[in-house]
Structure formats: structure tokens, C-alpha cells
Amino acid sequence: MISVGIVGATGYTGIELLRLLSGHEGAEVKVVTSNSEKGKTVTDVFPSLRSYFDLKFVEHDSDQLKSCDLVFFATPHATAMHYVPDLLEHGCKIIDLSADFRINNSQIWEDWYKEKHACPELLESAVYGLPELNREEIKAASLIANPGCYPTAITLALLPAVKNGLIDVKDIIADAKSGVSGAGRKAALASQFSEVAESFKAYSVSGHRHLPEMMLTLNNVQQSNDLNLTFVPHLVPMNRGIFATVYVKPKDHSIVMQKHYADFYAAEKFVDVMPEGAHPETRTVKTSNTCRIALHPGNSESQPTVILSVIDNLVKGAAGQAIQNMNIMFALDEGTALLAPGLTP
Amino acid sequence: MISVGIVGATGYTGIELLRLLSGHEGAEVKVVTSNSEKGKTVTDVFPSLRSYFDLKFVEHDSDQLKSCDLVFFATPHATAMHYVPDLLEHGCKIIDLSADFRINNSQIWEDWYKEKHACPELLESAVYGLPELNREEIKAASLIANPGCYPTAITLALLPAVKNGLIDVKDIIADAKSGVSGAGRKAALASQFSEVAESFKAYSVSGHRHLPEMMLTLNNVQQSNDLNLTFVPHLVPMNRGIFATVYVKPKDHSIVMQKHYADFYAAEKFVDVMPEGAHPETRTVKTSNTCRIALHPGNSESQPTVILSVIDNLVKGAAGQAIQNMNIMFALDEGTALLAPGLTP
Amino acid sequence: MISVGIVGATGYTGIELLRLLSGHEGAEVKVVTSNSEKGKTVTDVFPSLRSYFDLKFVEHDSDQLKSCDLVFFATPHATAMHYVPDLLEHGCKIIDLSADFRINNSQIWEDWYKEKHACPELLESAVYGLPELNREEIKAASLIANPGCYPTAITLALLPAVKNGLIDVKDIIADAKSGVSGAGRKAALASQFSEVAESFKAYSVSGHRHLPEMMLTLNNVQQSNDLNLTFVPHLVPMNRGIFATVYVKPKDHSIVMQKHYADFYAAEKFVDVMPEGAHPETRTVKTSNTCRIALHPGNSESQPTVILSVIDNLVKGAAGQAIQNMNIMFALDEGTALLAPGLTP
Amino acid sequence: MISVGIVGATGYTGIELLRLLSGHEGAEVKVVTSNSEKGKTVTDVFPSLRSYFDLKFVEHDSDQLKSCDLVFFATPHATAMHYVPDLLEHGCKIIDLSADFRINNSQIWEDWYKEKHACPELLESAVYGLPELNREEIKAASLIANPGCYPTAITLALLPAVKNGLIDVKDIIADAKSGVSGAGRKAALASQFSEVAESFKAYSVSGHRHLPEMMLTLNNVQQSNDLNLTFVPHLVPMNRGIFATVYVKPKDHSIVMQKHYADFYAAEKFVDVMPEGAHPETRTVKTSNTCRIALHPGNSESQPTVILSVIDNLVKGAAGQAIQNMNIMFALDEGTALLAPGLTP
């Protein structure tokens, strides 16, 4: 039985970890932390978990974490980096759901996150926890940087094309749309119901922090630095879900990308390549760990291929993928506690 | 392994049965029917179930159903009654999620449903499948009438008070609110997104078909016929959830109803009596089989006690309760496949 | 041309005043205040008003307000009371959309608002701005207490019955439901999209501040103190709208309440009594100043009459009613700038 | 006073015409038609219009239409074309909100709409009613083809760039998102609340009927045929609003597109060019006739410029633009009845 700690368990990724782990037969949550709700029980804060957990929140720096086999960080960025080195020294494995270890170049990280990195020496050994890309490295890792929600949907949409050299990497557009839970569980005017419902907007058009994460991953995959990705995120008035519409230019229109994608992901439990021309909806993956992808070749040579990719931002885009990584690290069946289908409606 | 058939598996209660049964280790869905989608696969209609089921829809009158141990009817009313007698003769057990067997008096049924009942002789032996009320009868039953969604939330809110004679049964008001999935999965102008979103309404104020069902159940519980219940249903712009606000007049203000409720439901896995004065939200039971109840005594003797009761209309109000009944009928652990906590957000 | 000031113009009632006044031919907004957005233009904060207003926010205590003919307070409670006495002395008329002057008894006010009232001497002269009740007093008033949103919907639903002595005033239940904009435009965890969407809840069951306001108004109407009103507010996942379901016991079932209501409101431009048995929806009054009411007599003598009442909480429940009051105070046509029909969808 | 008829007045564009015309001092609605609701009053079907209209629906072929100065068609495609020739002969002017006269090439029309055009001889004289493009032609026209909702948002986003030759017309991507009211007011499973809420999807990726309309308009503007536009529409769980994210490649990065746009639309009442880098939200134009546009130049020469464009699909994208066209045709102030600002929230 893996003993688990969750740092920052009062956010949406925190409670999603609790929800999914409540059904995990090989792991038990022993410690939950929250600086703001310290002393309260899990069920005080989340009545949906009444009878599932008998735990009180302790502070982030609680010594109790040190006896855990694995600690998840479900904190805002620039938090985990202050606690991780000490926990690693105590032998804990770490899966960080925040951005602190996703960019293995401290300069780029600091440019985007406007803060000094607290442990740049760990960046090299951190493994980017996208199992479909790095499964072998994850098995051996002590420190996992769990991918961002947008990067999960977009990278999985591009991986076969970039890895197999099928497209012009200098001209990729990712128009992405996210549900509101991606903004986190905190009081903010911009995420108030009446500011979001019955409206739609783009944000951070001039540059979003998930862009360098995707650039590094994909450039690394293609072993070059010339990838050019335009990324525009949008906010959808719904709780869960990411939808990515990715426009790519095939190098050669005789290539059948559909076959490449089907082959590439044939053995993957959590990537579902739909038939060519299908229209995935975010609700088909709601509460599930699946990324569902469909390809639409252009009608003419001059038109891009459109790749549609959907995930649940809190599951495959956060807590589910983190548990998938845990399962891999501890040599459990990769799908443990992650096999429920999506919710309709 | 129980072999299961689902008649009318393309509605919201049908797909919810499929979703929940996909994780049930003691039951296997062998037959699904749909007259409108006959010949299609389950995953053609519900891409969220891709990889979970390899079944094609057959017609309602398919002989394949006769070899099932148990058949669920997830059909509109006045459908099951035409198929059930034959299936019972072939030894199938039946759980009908529709209204056909909920009212054990064919005259009352016909007054409300404006149709002749096809098998009134079965009404007497049908067991009303509210486990908290009829667990023993369910164990032995061949034909279960699964309760309606409103009746589940409201009857559970009233059961301890009515059974223990705590309130004036002649003066009960149930102001109930339902998510839109309660209207079923079919094309109807009144349930179009743009007719429902950003609006709130009452409907069927002059009389809703769930009223006689509740009256019969509760009068039976109190062994008298003088219960008077005013029931007003409302439509909430959300997918799932029922919220019932029930106003009752305690016979004697010295009675501590909270204690009666806590005791009454102490052994029940799926009824959660919250601390007095708590405010349950429907989202705390979303996707779960729990009914969560809270009591608010009036501030003065002249004021009613307010009982708040929430369920997920598709789970405890339909498919979850149906599976709970199946588990009881087949002597499985009552919670099998029903133990997931509610979803947040 | 009436020169208008708006204190606290960055909340939802503030921007609604701006929206409605942009089309008012007899009034011009000269001053807008906001302590938090001081120095910004109206259109910086509300791009929907680009080209409509060329104003900058100044502080609440700006001297510019003193030269206005009329000042609206669209502030949280316990703000207006600090500025109103001085403005009255300078000859401004005041319409306060907050609660500061709604309860003409400082002791009751302080019990519910947990604060010392800053100018109790003004409470007596303040007029409760429900035109259908106090039109004559409003004409002559300098200080209007604009009614709360729930009290507007519920008082209008009860006024003919209470005034004409048709019902048992000791047994009234008002089960009310509000859209989220009623919580105001401010960062609060409980109003975050992902805390509210796809959920429904009751709140403040043990006592809401709108209760004493309704009790005082209605007891005053019936010239007695024995009215007993149970009021339970609920939150609906939508932006705008209040729906009140009011349960009353007619003194005599031979009384045709429908006729009393139709007569009572026959001359009222902004109260629409629908045919008996109708089902008003909040969307039929969205963006309009109308209160729409429908009566449902009980099926038997022992059953209550159900009164349904809908308003747009930001219009008839706040800014629209405030402008209606302004129109009356300044002898303009009462409907000026308030005649747009509801929005569908 | 212009006498107005509306054919198909029970759809969302029909009721929006009624809502906006209720405040138009120069036009009066005399005839409304609906084959399905014939004989009912407007307020039977739309209680939001109680007291605003005293009209009964008649059939589409009613002779009453012939005495109207102007007839709006708010019907599905392939309806207006059967009635328009006769009405034109009787001297009515026509504004068709459907697609029947938008494509002035009957072959292309028939390819996309899969039906024989009933009056191809009228296509040449029909004027495409985008005032910002064709104001002079509209003044003199008898038959206006009111633009589609997507084409309005996208064409306005591209017009200055294409007309002034600023961009590579062979590489344009328009990723567009629409609220659900765009699907019309009719019973359809795909538009049911529970099929749409809490989900996001693309549709018609392989080809949407608004594509040829945009291609023809823009190719005409640039007087060439080589424009290549990739158009992907998506469905947003909200009632109203279109958001277009348009990706273009400037021919020369020294061109300041912002200035071109500001100049191009300087005199336009209903196009608001925001400051460079702004983030328009659909709610800022909700219920208003404004199209709000913002430009985001790429960070490097290899990156596209992103143009964001928002409209209310039922106003500038349908009924509002139709009234704008009417105002132009009848030499009224172009903004008559269209000057209300957007609704927040």
C-alpha cells in the first residue's frame, strides 16, 4: 500500500486527487495539507467526501509528509520548489502538478514565472510526466513534473506528427478552449459566475505560460529548435474540459496521418484516436482519463489538417495523469483507479 | 455473474446504467435495446463508452432478453408493462425504472397516466424499490418498481418524521427543483438549451405524476389516508440534481427531529444526515448514490421545520438506486459499483 | 434634465443603472464613484459601455456629488448611511439601493446588520420605494429606500392578499430562488463559476436579512403584527432572475383571488397578473422592469394557494425600480427608459 | 411609419426582431406569420412580449403581407425564395435573414444547400446587407440578403486587411465559436440542454454553409479568386454570442494593421476597434448591435496576427443588422432602435 501525501489539497486538482484515490486499492492518503484550512477536516471543506476520508488538514511544512512514499503537490506555482528538495532527501517520491519542474531551463522558467527558481539543480533530473512520451523515464524517476492541462491536450494532438516528421513544424496554430476550473479554486473577480457565464473570451493572447512548456517538449521530440507554435487560449463557460483545435500543414498530402496516429497510440490505454472526420466533444471525456483525438484532412492541398483533441482538464490534464504517473512509478497497473468512463450528461 | 439486459438504453438513465455497470464486478451487460437506434453500436451513440462495451442495440422485443437474469427497463412510461409479463414468465427478474409499477392501484395509475394499464394483475406483487423502506421485500422480489426521482428525495426527507409520527401529516409542502436531465434524452422544444439556460420556472403546479406515488408510499407508512402533501416541481438550468425543500409542522416542538433522523438512517450506506442547520448542495452528490439530508428547526413554535434533501436524479433517483436494488436482489454487497463519491466541480 | 450621480457604480446594480440611464432622455449621469477603481474611466471597467459614457470614477466623498439633483447609492450596506445626511443637506435627492434605510427601526436594523446605524434620525423620513405600495409618498420624498430584490418579488406576490385580508397571515411560506448576480460583483469563493455552476443550494435558512424588511412592510400593510412568514432563499446557476413560490392559505375558498389580483394591479404598468394557472418563467422578465405573477388555487380546501412571482433582480429588483422611483420623484412618465420588453433567449 | 411584416416570427431571430422593433419609433409590425403557431397570439407564444404586441400569427402565404412596406423573412433556408418574387411584384421591400439570396451564383447555392433554387433570376439584384461594405447599394435595394452570423463576425474582422491588401489571402484561418441560439428555436436532440451544457465541440469541420458566403464576399472585395479560408465552427454552452479568432499572415511586418483598422471603421457606428492587444468578450456586445474587434500582432515575423471579433449572433448577426438595413433603405437614422449598450451580466 503506497502511503500518499497531498500538499494543497483544497484546490480543484487536490479534491480530484482525493476523489480518484478514494477508489484506488493500492494507495492510501495519509496526509493532506492546506495552510488556509489547517485544522479543519477534509469533509468540513468538501461535504462530497463525507464518509470517505477521516483526515485533518495540516500545514504544508508538516513533518508527516516525510513518512509518505509519495507526495503530490497540487499547489499554485512557486510553492512546490520550496518543499521538494527536503522531501526528496527523506526518500519521498514527488509528483508536482504545478509548473515548478516542467521547464528544465531555469532561465526560461524565471522569464515566464517572474520569480527566482528555488532549486534549479533539480530541473535536470525532473521527468516530464507525459506517459505516452516518457513512460520509461517515469518508471525510474523520483521527481515528476506533471504536464499542464493545455500542454497535455495539445502535445498529444501533435506528438505523432512531430515525431514522425509529417508536418511543417514552423507553422502550427493551436486554438484552445478551457473550462473555468482551470483557473483554480480561489476567490477572483474574473472567475465569478456572473463574469463568466453567458460569455466567451480569449485571454493571454500575447503569451501564456503553457507555451514554453509545449515548445520545449515538442522541440525535444523533433530534435531541433525551429518549431513555431501560435497558441491562443480561451475560456468556456463550463466547469471541466479542454478542447484544442490544432491547425497543421502536412509536408506531403499523400501521407495518411490517420494511420500514423492510429499506430502511434495503438497500445495506449488513455489516448483514443477516433475515426477520421469524427467530432469529439469534451463531455465524452468528462471525469475520465482519456484524451480523444480526431483528424480532419484539408479539402485541398492548400488547406491545413485540423486535429481536434479533448481531455478533462482535471483528470488527464491534472489529477488523473498524476495518478497514472504514480501507478507507473510504483509498478502498478497503469489504469488503476482510472478506468471509469466519461460522464453523460 | 449476473447477466443483464437494458431495455431503452439510449436515454439518460440507460447510459447511466451502462456507466455504473461498467465498473460492476458481479454483473455483465449482455443485451441493450433501442427501437430507434437498432443496429448501431453502443459506442456509435455514446462515444464516452468507447472501449467499454462491444454491443449493438437490438429491438425491445428481442428474444435475447429472455436469457438474462435481470432486465432493467429505462423506457418512458407505458412501455415496460407490455414486455414485463412475458419476461417474468421466462424467469427474468425485472427492475422497471419507469412509472408502470409504482402505483399499486390501476385506477389511480390510469387517472394520472391517461392510458389503460396492460397488466394490472402484476401491480400487487411489484415491490416499490426504496431500499431504506422495503429492503426485505426487495430481497424476495421478482419485479421492482424503481422510485421516481422526486419521490426518492422527498420520501427519504419525510420517512422518519412520518413513520415516527412526529409531524402534522395534513400540512406538508415539498418545493422541489430538478436538473434538466430529468426531462429525458429526446428532442423537445421545452428542453432546448436556449429555452432553459438562464431561466427558472415551476411546472405542473396543478398536479405532477409523482404526487400520487408519494402519497401512496407515505400513507402506507403512516397506515392512514389523511396525508396532505403540496408538491411543486421546478426546473433548474443544470444537468443533474434534485433539491427538495420540505416544510413540515412538528406536532410538538420539544421533539428533537435531528436525533430521530440520525437514528433512523444510522445504518444506511446511502443516506447521509448532516448536522442540524447544514446546507447541502446538489453538487455534493453529483454522480454519487447518496441522499444528503439536513434539518432546520423553526425559530419559533409557529414556524415549520425545513428539511433539505439532495440527490443526483440519475443515480439515487434512477440508475444508482436500480443497481442498489439489483445488488440486494442478488445478495451482493449493497454498495457494489456505487461507492464513488460525488464530483467537485 | 436631471443631473445624476451614482455612488458605487462598479457593482452589478451600478452598471445596470448606467445601462438603463444611457437611454433616459430626461436624466444625465454626471458623476460616478468607486473607491477601488478611482481614476479609471467607465469604459476601462465596462467595455460594453464604450462610446456611451465619457466619465471617470471619483471617490465616494467627492464634492461633485453635491451638485447633482439625484444621487443613487449602489453600494454594499452600511456605506450610504455615512454620506446621505450631508448630501441631503446640499439639496440632493437620494435613492439608496442598499439596505441602510429600508427598516425604519434602528434597533431591528442593527440586530440584523450587526453594526451601529450612522443616522437613525433619517429612518423615519425615508420612504420605502415600492411604487405599487407607496407611490404618493415617493412623489414627495427626498430619501428613498429602494426595496431588496427578494422583498420586491415576494411583497408584490402578497400585497393584494394581505391588504384585502384574503389569507391567513400566520402561515405564509416563501420559497425563493435567485440568480448569482444577487451576490454582487466582488471576488468571493462561494460565487466562483465552478462553485455555483451545475449545482443548486439553499442558504441562510435560519434567517436572511430580507426577512425583517418583508415583515415590516407586510405588517404595516395589514396594520397588525401577527404576520408569520417563513422565507428560504436558494441560489440558481444563472445570472439574473428571482423566482418566488409563495404558499398561502385563503381564509375562505369561495374567494376568487385571481380577480382581487387582477383588479389590484390593473393600473400598474410594471406588474403583470397572468391568467390563473399560468407558469411564469424568469426569462420572460429578463432585462425588463416587469414583475409577472400567476396564481394557482389549491385542488382542495386543505391545500394552499400557490403564488408564483418573477422579476429580474437587477431591474425591478434594483436599478429599474430605482429609476422608476426617480421618474416618480421628478414627475416624469413613470416608464421612462424602462419600457423594453424581456429578452429571449 | 413603415409597415412591417415578419415571416417566421416564432424563431429566435423572429422574436429578436419583435423585441427590437417594439422600441422603433419609425416602424410598426403589422403582420406576423407562423405556419406552426397560426391563430395564436404573439403573447401566447412569447409571454415576454405581453402588452407589447396585439397580433395573431397568420400563415406565411397570407395576403396581408402584400400591403406591408417591408417584409423580413426569419425563416429557415429554402423558404423565402418561394414567397419573395410575389411580394416584390406587389411592391414590398424584402430583407431575408436566411441564406436564400446570400450567394449570387445559383450553382454554388445549390451545391451547398442541396436544393433547386426557386428564383435564381433574383440573385443578381439581391444586395448583401453588410452596411460596412455595401451601404450605398443597400439604400437603393429592394431585396436584401442579410449576412449570416459567422460571416458578419469574420468578414468584419477581415475587411480592412483584405481590402487594403495587407495580408496573405491564401492562408487565413477562422476558428469561430457560437452560442446555441444560432441553432434556431426548434426541437432537436443535439441542442437539448443536457446535450450541450458542460460540453464544447467543433462541428461541420469538413465544410459549413457559411464558408462559400464568406469566400464570395471576400474574393469580391479583393477582386481576385485566390482567397483561401479555413473555417472551423464550434458550439459554446451559452445562449448568445459569436467569437471569431482569425489568424492572418501580414504581407509585411512593418505595416501597422491597427491603424488601418481604426481608420477603416472610424465612421462606423456599429464597429468598435479596441486598442491593440485588448481582449473583447462576447458579453460586452450581448443584446447590442456592435461588432467589437481587437488586433494582436505576432511576437515575431513568423507568427500570425490574431484578430478577435465578437458579436451578438441574434443582433448584429441577424435581427439588429436587418433593422440597420431597414433604417438605411428607408433613409432613417441608421441607429434607430439599435442604440442600447450590451448587457452585463
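In this document, chain identifiers A, B, C and D correspond to the written order of the chains, with residue numbering beginning at 1 in each.
As a convention for this text, contacts are C-beta pairs under 8 Å (C-beta built on N, C-alpha and C of every residue); 3 or more make two chains touch, one makes a residue touch a chain.
Note that the structure is a prediction, hence the values are computed from the model and not measured.
Novice: Give me the chains shared as neighbours by chain B and chain C.
Specialist: The common neighbours are A, D.
Novice: Pick same or different for copies chain A and chain D, depending on whether their interface residues overlap by over half.
Specialist: Same, since over half the interface numbering is common to both chains.
Novice: Centre to centre, using CA atoms, which chain is the farthest one from chain D?
Specialist: In terms of C-alpha centroids, the chain at the greatest distance from chain D is B.
Novice: So how far apart, in whole Å, are chain C and chain D when each is placed at the average of its C-alpha atoms?
Specialist: So the centre of chain C lies 37 Å away from the centre of chain D.
Novice: Measuring centre to centre with CA averages, how many angstrom lie between chain A and chain D?
Specialist: Roughly 39 Å, centre to centre.
Novice: How many angstrom between the C-alpha centroids of chain C and chain A?
Specialist: Each chain reduced to its C-alpha mean, chain A and chain C end up 45 Å apart.
Novice: Provide the list of chain D residues touching at least two other chains, using ranges where the numbers run on.
Specialist: Residues 12, 179, 181, 194-195, 197-198, 237-240, 280-281, 283, 286, 345 of chain D touch two or more partner chains.
Novice: How about chain B: which of its residues touch chain D in the complex?
Specialist: It comes out as residues 12, 179-181, 183, 185-189, 191-198, 237-239.
Novice: Provide the residue numbers of chain C that touch chain D in the complex, in ascending order.
Specialist: 12, 15-16, 19, 22-23, 46-52, 181, 197-198, 239-240, 272, 274, 278, 280-281, 283-288, 292, 339-345
Novice: Chain D touches which residues of chain A in the complex?
Specialist: 170, 173, 175, 177, 179, 194-195, 197-203, 205-207, 228, 230, 232, 234, 236-241, 243, 245, 247, 277, 279-283, 286, 296, 298-299, 302-304, 306, 308, 310, 345
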